Amino acid sequence: MSRLDEVRAAFAAQGFMRNLGGELAALEPGRCEIACRFREDLTQHHGLFHAGVLTTLADNACGFAAMSLLPEGAEVLSVEFKMSFLRPGAGVAAIARGEVIKPGRTLSFCRAEVFMRDTAGAETLAAAMTATMMAAAPERR
Amino acid sequence: MSRLDEVRAAFAAQGFMRNLGGELAALEPGRCEIACRFREDLTQHHGLFHAGVLTTLADNACGFAAMSLLPEGAEVLSVEFKMSFLRPGAGVAAIARGEVIKPGRTLSFCRAEVFMRDTAGAETLAAAMTATMMAAAPERR
Amino acid sequence: MSRLDEVRAAFAAQGFMRNLGGELAALEPGRCEIACRFREDLTQHHGLFHAGVLTTLADNACGFAAMSLLPEGAEVLSVEFKMSFLRPGAGVAAIARGEVIKPGRTLSFCRAEVFMRDTAGAETLAAAMTATMMAAAPERR
Amino acid sequence: MSRLDEVRAAFAAQGFMRNLGGELAALEPGRCEIACRFREDLTQHHGLFHAGVLTTLADNACGFAAMSLLPEGAEVLSVEFKMSFLRPGAGVAAIARGEVIKPGRTLSFCRAEVFMRDTAGAETLAAAMTATMMAAAPERR
């Protein structure tokens, strides 16, 4: 299995991604894009995307971008991330685009932007993440 | 409706909280606790709680702690948060405890800790958040 | 006094900037660049730039970028920032470039990158900040 | 040289700490306190402590708290930190108290609080940091 296929398999194995309806929209070494359609069960109390949904997408976009650059078999863990909410999460879909800005053997520094897509397909930046990801030896389960 | 009842109503109105099965375990002025049982559809690819679930609980615990101290009718928005992942999200339930460390008319500084509960009821600290919340005039929907 | 002149005056009034030898290398609406030459009294214990120096430059680059977009007379306060250290602070000078990524009447979301300049003038990204800045009514001193 | 003496030696070797007049007020395994008197050359443009000074003290308090728990000879690097500014930096001295909340072989999660001391000796919380520190093999200089 190639490294990108390992990433795709990890994505497919996440119960929470299936719950959210997240789709792996693009994947290349050091970059990952994840899309998620709006649904009523993904909302905060004003009927917009919940901050936690946008954060989940951004965390995964960063984590899988980092994982794509690690050696085959290596896992990746979220050490920490910060998420800033620039505009309300109003749209028919959310798209998170993550990239590695400084890869490393142990730590990878990543960032992601989350866009709201409207019915015309136009995108607006809604949130931005910076994240530290850590490589870990493969876990046996 | 009292202020704490307004918070409870906002909690109940979140489609995403119902999705996760989050329960408002405790609420008092400046403090909020939210619990969530483990389920397969809340997992990352190793079968543990997804970081995004723990972050959602912590964000809400901070946000509702902040909302509880604001005047009646006032809404609260997440400006930004940082989440650090200290230990794996392995447990039968996750409990987020949020508190306001510096209330303000416009900005409230909050923090939350997320614990993993095991089958014996013992708790282990798994993640920690600091968050900035902003008061907003009530939205008409 | 024009708004950019107000920013220049605020920069010049910082005792700590004079201490560090910081220079306002560039300023335009929404962007600010600050440079600082290496000195022995700016070091951590391995003789490199101290993280606190790089953070001070980045904080100012973000704050003055935000201040440049606010109405005349308005002040700016740092609400919070996160700084990630990608590479060692080794160079003959540090250059912080800050920009506003989402201006607002109350809050401005900013980011800055800090580069190390070597003796040949080449630059390497050493650190990255995201910051939330808040507008405040002018203070009387 | 004991581990705590190694920390004291690292503190003493920081040119920037001498510049600021920082004093190692307390040190024990996993905890570190640093104090710094107010001076005009440590100010922002309203004559208060510059955010960068408070951040430098908090970064060091976290870093040396982490270093104190690592094996002899091991160095510590700041991976990232987030600093929130709760109240203005107005006081005759600043005191940063750092602690390790989750030690680790590679990464240590830390937090620090920075207090303002007034002329009567009373303390007010002004800022709070969370930080990730990384252990590194000793560097030869």
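All chains are identified by letter, namely A, B, C and D, in their written order; residue positions are counted from 1 within each chain.
Keep this in mind: contacts are C-beta pairs under 8 Å (C-beta built on N, C-alpha and C of every residue); 3 or more make two chains touch, one makes a residue touch a chain.
Keep in mind that this is a model prediction, so the values were computed, not measured.
More C-beta pairs in contact connect the chains of C-D than those of the other pair, out of A-C and C-D. Two copies of one sequence, chain A and chain D, touch each other mainly through matching residues, since over half of the numbers at the interface are common to both.
A straight line joining the Cα centres of chain C and chain D is 21 Å long. Chain A and chain D have Cα centroids lying 33 Å from one another. Chain A and chain C have Cα centroids lying 29 Å from one another. Chain B has residues 79-80, 82, 84, 130, 132 in contact with two or more other chains. Residues 79-80, 82, 106-107, 132, 134 of chain D are the ones touching chain A in the complex. Those residues of chain A whose C-beta lies close enough to touch chain B in the complex are 10-11, 13-16, 18-19, 39-47, 50-53, 55-57, 59-60, 75, 77-85, 139, 141.
Within the complex, the chain D residues that touch chain B are 82, 84, 86-87, 101-102, 109, 111, 125, 128, 130, 132.
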